[in-house]
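Listed below are the structures to be examined.
Shared between the two complexes below is chain A, which pairs with chain B and chain C, respectively.
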Partner chain A sequence: MEQASPPVGLPAETVVSEQALRRRYVVRKLLRSPTFLVGLAILLFWIFMALFSTYVTRYGPFAIDPYNTLTGPSAQHWFGTDDSGRDVLSRTLAGARPVLEVAPLATLLALLAGTTIGLTAGYYRGIVDEVLMRAVDVLLAIPVVIAGIVIVSGLGASLAVIILVIAILFTPPVSRTVRSAVLAEREREYVQAARLRGESGLFIMAAEILPNCLPPIIVEGSVRLGYAVFTSATLSFLGFGLQPPSPDWGLTISQQSQNIQVAWWTVIFPAVALATLVVGANLVADGLRRTLSE
Partner chain B sequence: MTMGATDASGVTAGTGGTGVATGTGACEGSGGGGSVGGRAPGPVLSVAGLKVTFVRRDRELPVVKGVSLEIAPGEAYGLVGESGCGKTTLALALMRYLPANGRVDAGSVRIDGEDVFSLPEERLRELRGTKLAMVYQDPASALNPSMKVGEQIAEVYRFHEGLSRAAALAAARDSLERVAMPDPDATLERYPFQLSGGQQQRVVIAMALAGDPRLLVLDEPTTGLDATVEAEVLDLIEELRGKVDAAILLISHNLGLVARLCERVGVMYAGRIVEQGPARELFTDPRHPYTMGLLRCLPRFGVRKDEVSLVPIPGSVPPLGSTMPGCVYASRCRLVRPVCTRREPDLFAVPGDLAAKGRAAAEGEPPAPTAQSPHDAEPVGDAARHTRCYVPDEVPAMRVEEEHVHKVQARAARADDVLAAAGVSKAFRDGGRRLVAVDDVTIDVVAGETFGLVGESGSGKTTLANVIAGLYAADGGEVRFLGQRLPPRAAERDRDVLRAIQMVFQNPDSTLNPSWSVRRILSRSAARLAGCRGAARRERVEELARKVHFEPRYLENKPAELSGGQKQRIAIARAFAGSPTLVVCDEPASALDVSVQATILNLLADLQAEQNVSYIFISHDLAVVRYLSDRIGVMYLGWLMEIGDAEDVFRPPHCPYTEALVSAIPTLDFDHRRPRIPLRGAIPSLSDPPTGCRFHTRCHRFLGDLCRREAPPWREAGEGHRYRCHISPNELRELQLAELGPLPGR
Partner chain C sequence: MRRLVVRRLLLMVPTLLVVSVLIFLMAEIVPGDVGRSILGPYASPEQVAALNHKLGADRPLVERYVRWLGGFVTGDWGESPILQAPVTRVTFESLVNSLLLAAIALVVIVPTSIVLGVLAALRRDSLLDRFISVTSLSLTVIPEFVSGVILLVLFAVVLPWFPVTASAPPGADLLTRIYHLILPAVPLMFVEMGYIARMARAGTLEVLDMPYVRTAVLKGLPQRRVVTRHVLRNGLLSTVTVVGAQVGWLVGGLVVVEKLFNYPGIGRLMAQAATLHDVKVLEATVLVVAAIYMLSNLTADVVVAALSPRVRLGG
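What follows is the complex of A and B.
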């Protein structure tokens, strides 16, 4: 009847799909944002290196050359060699793998746990909210690095432990973000309509509320990714992450820092690599936040 | 004779452009503009051929497509139309306040002879402060919450007139006195949050008037305010009209409000002014199908659903920025001719004799066909009426055509109670304070009836509705449904009760889950409430869609792709998924434009007639409540003040609070205007309700100590009609009838 049919004299397309238009608009705006594109390029570069660096570099990351230790950048070794004569370029590129094994997985776990806690606390409110959020507050009050050191020294520095530690430490901020999104959403009338249908709390949280809280969760994830890279490098640097001879950047920086007076290249290149990855993740996060929050 | 040869159908043969500036130059030059210019020193505001375009998501959207209007000093001009027609954009463009993505493509705006668009930034700021003032919809957001009222007003004087601090404060005090603020000295020292909505709007208006503006723009000044507060602001504006010489541009979707305040009215549609003229003539004898359409959407006060059905305008406002070759209204017009879609009509003058014929037609005589073209008439001075329509003389006949009546099932003398709420109370905790939102309320709803619930915001009507629906658990009292005691929360109710009691919510934008498709929304309800599975469920979804006139091909769409009216239809379909017995409607149409509101109200009435469902219908719009309701309950500060048949509640004797509410209804009935009863002061806080009668602090029939001390008793005023007051029915009837004067025959 009325309203349902597009007004006469208008191309049907104008009424078609505001949603599709918006989706197309979001994608186009992202692809037009230099911030997002630069960040994305950096991320893709390091992902590629994490997967294929051994195919593009001349030397293996673990290949020792006792005759060529601490040589400066040259045609043979663009980034020079370290104190064991290993090629710094190869090790820097290969260093992307351990960090990209830890950070995304840790972030994903933190998102899962944080979303569950945030949803539950935000939807049920009351005593449930109090208990969960006070627990989160306690976790938030613990300094990340110190807690990481304690746990890793207790459980040993395996990949799984490091991932778990970072995931646990990042759960509180994620739960807070999700909770505040849920608080706004749960007051909306469609949630009341669901309650009037007699839906269970689990259904309302998972099927009704969660899909509408996705944009802030995505943004939160991309922000946390940068921090996770940072934290895993810090743990390695302090000796509580991966162990030698891993080409991990944090570990390399700490191992080679004694040589910095005579061979700056052994430290600077992994440090720059680390910085670019963190900045790249943050640029992507920024682009997403700006576009999704519109 | 101002124009060339024309044929009988009104197609101009020789006129050139279609824009207002050129095409209608003849009409406007000699009509509105010319005569105003001849009488007064010249119009305060003169807009000519204004075009405004927005750029959104890389698309160019023309929003104002050539608008010309003039407002003389001291004149109030009303701009009406549905949302999305460019009214607010026009107002923003007047002051060069367009957002960054909006631009003026053509036309000019002159304020007191100064061309706004060519002014340097400096002079523009001066102009905004001195000659121009704007009052927006939400007074709370126009005031700085952390600044005392006095300082905020004084700032205007200090900035624009360079007054000293003390002098500015004195001026601020005077300005508050001018807007009739009770106790201006104390108000100077208050913060905005300490004032009621009406008082806040007074302050905003006081600030707007501080610079002695030549032009006052009021953009929906009362939307979002309660009817009683609205009435207060209206009274103020009306009163100021006598004292201030400013020209007023009043933008509103509320025709009754505009009819009360304005001498001249422009009806705007899709970026064009389609009709313009003196308020009274325009509203009593509209000559554009759109104006007529708007009027037919409104329930005239005192009309009931079984007497007259509302006639919505078919279709909807074209999407923002769409362009069409012919008349902007052609796609929705009942009188459309082939020429209408080809070439846009000029703004023709409506000749006087035609208007007279129209009046005759409205009174029952068929309109005599006019051989005379609209063009041939001379515009009649200031009172000239213009319409952008080829067939204005066919418009009056639209009033009587096809008014179908909702076939309401005759109510049994005493039908069985569907719902009986007895002594229901509900309190909320706010910090350490206890707010009793619903206090010992007893109502009952019988099968197939509509029970209207009215009252200002904060009266507890929504809380009561939520208690009945099962969203809140009551603290006291009980709710019985078909004789059975209802579990307080929806989660504890079994499917049969859930199915039987459903709710339609107010806000179309949040009533549907934005990430679900329409089909999934209806499908889920069909499964949960009607227990449908598989093919039966699919069928049920389509049946529901048909029932609410929703085209099945849009079932896969997400809510964001639907119009407000469509969303509300789906919300209704969802509530009807399990063939309910009682549907609680919480302001289901108040967020919608009048024509969409009419379709929703019609739909609700039709569904009721078909399924014998009962409604609890909450609305702040008393004309709507009266139109739909069989019985009405009036609430104030958590108390039920009055309950009875709709007719009885709306006429004396009724509770003084109801009396004030009824008197606040803005009406289009120019001949029978009721004197309005102003409600004094703000609504008291729920945390500290007045002693005795809750209403005594604002009551115009306040008796003194008795009202302050003792809660008023229930008075029986007739069959099933009760109200709370210390004044007895007979006495109250005398008092109230005396105030009304001779009653109109409706």
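What follows is the complex of A and C.
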């Protein structure tokens, strides 16, 4: 994955206008990419549902109805009801909220931490780099889901813990990506010029190198977002995520899968919903990658 | 080469140590405890304390860790107070079950995904290429339990072709056991296949552009021969690395699939140990899995080195 080569060594005004041009070009190219647009539409649909699902559904996601448990799809309940008589359609749409609270926040935290670590390690090299990268290696030594289980079982499952755990587990890959982007930039003329001007390391990292490393960071962030949805759903499914009666999709599937032989509708709709969300997030990521890595 | 392997093997030791310390610490800050897990929510605090004392769970953290570590290193992994069985036995019994499931998945995944990836690369930018890329990308990102549940509904409930559980009745022959494992293996395949296919495609594309491939084509060699003799050897190097790394993902997937299909593998054992705060089993399962994960990464690197003259001679 090559990153875009930024305009280097031009006078300040030209650089600004070139960047603006390039940004306009990228946006126009994205809007012409069907993959990106389909992904974006799916994401927007679920974001809308996360915010307003209770206004468009007939029943609340927690409203139980002991007389109508496990009834199949019907005119009253389009997606049927679950083992507590709750409306599956309402719960499926409402299930977008917990995922979309966890995944973007966790991704953002991981991006912040990973960018900081990657910049520091890549810019200073030497012992700083060595120490930071060995720590990253340790975190990468266990599969993500397993590390997630171990940490959540220790700290207890709450929204904050899950966000934090996913953020911590996603920091190493982000910092690796940022580090390699920084390594490619740090020897360029504009960095040396800034160094000769006597700028501080902090200034060079934040104001000079970072803006030029943004494309790979954006791509990494969009890819991580898909993984964050994947991971948070998986943790929920395993019982190390949100707790009942949350309409969270992973949790719902694990709770209802015991009824799978008599009431397939209780699991299939949350499953399809989750599948569309991860695919949507990844289509957006794929579109961004194709456009930004040109 | 040998130095590299020895160095990597030696690096595993501190990594595993750090992991084991982290697990112990995590188990320390848990809200529940072993005594409570065994006796249930209705036992009095005194009973719980007494049982914890008997199990040694009330000793200081460092002492318990050192004691456990001493046992673990010398092969005495202790007894699980919750399963009431030796940790070694439960760990390796479930590991064998998981390996059978993983083997079924891998046997299908590796050849299929490489063929798909190479096909996509040879027909670059065609409809087939787009189709393979989009499908494999989508299947890769869908969590195993999601595709698993959809498969269960389709092929075990609506069309009763496969059993809903992965566990064959006791005493069943190997063929029956494999039959029970087909449906659980498919979600694992989906997730892994996309990565491997994508790597195979990228690797093949890179090699196709090389001058020596053009030479081979211009020499008039038949396409099949060019592909098998010239392209694949070099194009699949990166794929081998990915297959090694995918073993880690596979284990993560096992945790999920074994829960969904109720299969007594190491993933389910690990999740159960984490829920019930069974530290010894948790340590054993995570460390075994982490070791397998690191060894498979190392093996992949060694295979790459053996295949590639550049790496072999340069390193």
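As a working rule, the second predicted complex is superposed on the first by the 273 of 294 C-alpha atoms of A that agree within 3 Å, B and C clash if a C-alpha of one lies under 4 Å from a C-alpha of the other, contacts with A are read in each partner's own complex, and residues count from 1 in each chain.
The criterion applied here is as follows: a residue touches a chain if its C-beta (ideal position, glycine included) is under 8 Å from a C-beta of that chain, and two chains touch if they have at least 3 such contacts.
In this text the structure is predicted, and so the values were computed from the model without any measurement.
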First, second, both or neither for A:212, with chain B first and chain C second: first
Contacts of A:257 with chain B and chain C, given as first, second, both or neither: second
Partner chain in contact with A:145 - chain B first, chain C second, else both or neither: second
Contacts of A:22 with chain B and chain C, given as first, second, both or neither: first
First, second, both or neither for A:189, with chain B first and chain C second: first
Which of chain B and chain C A:66 touches, first, second, both or neither: neither
First (chain B), second (chain C), both or neither touched by A:126: neither
Superposed model, chain A: greater residue contact from chain B or chain C: C
Partner chain(s) touched by A:234 [first = chain B, second = chain C, both, neither]: second
Which of chain B and chain C A:197 touches, first, second, both or neither: first
Footprint overlap on chain A, where chain B in one structure and chain C in the other make contact: none
For the chain C and chain A complex, residues of the former touching the latter: 15-16, 18-19, 22-23, 25-31, 134, 137-138, 141-147, 149-150, 152-153, 157-158, 164, 248-249, 251-253, 255-256, 259-260, 270-271, 274-275, 277, 282, 286, 289-290, 293-294
Partner chain A, residues of chain B touching it in the complex: 57-58, 312-316, 318-319, 322, 324-326, 330-332, 341, 469-471, 490-491, 493, 495, 498, 501-503, 505-507, 510-516, 524-525, 528-529, 549-551, 554, 557-558, 560-561, 563, 565-566, 571, 574, 596, 599
Chain A residues touching chain B - in the complex, by the definition given at the top: 1-5, 7-10, 14-19, 21-22, 25, 188-190, 192-199, 208, 211-212
Contacting residues of chain A [partner chain C, same complex]: 35, 137-138, 141-146, 149-151, 153-156, 226, 230, 233-234, 237-240, 250, 253-254, 257, 260-261, 264, 267-268, 271-272, 274-275, 278-279, 281-282, 286
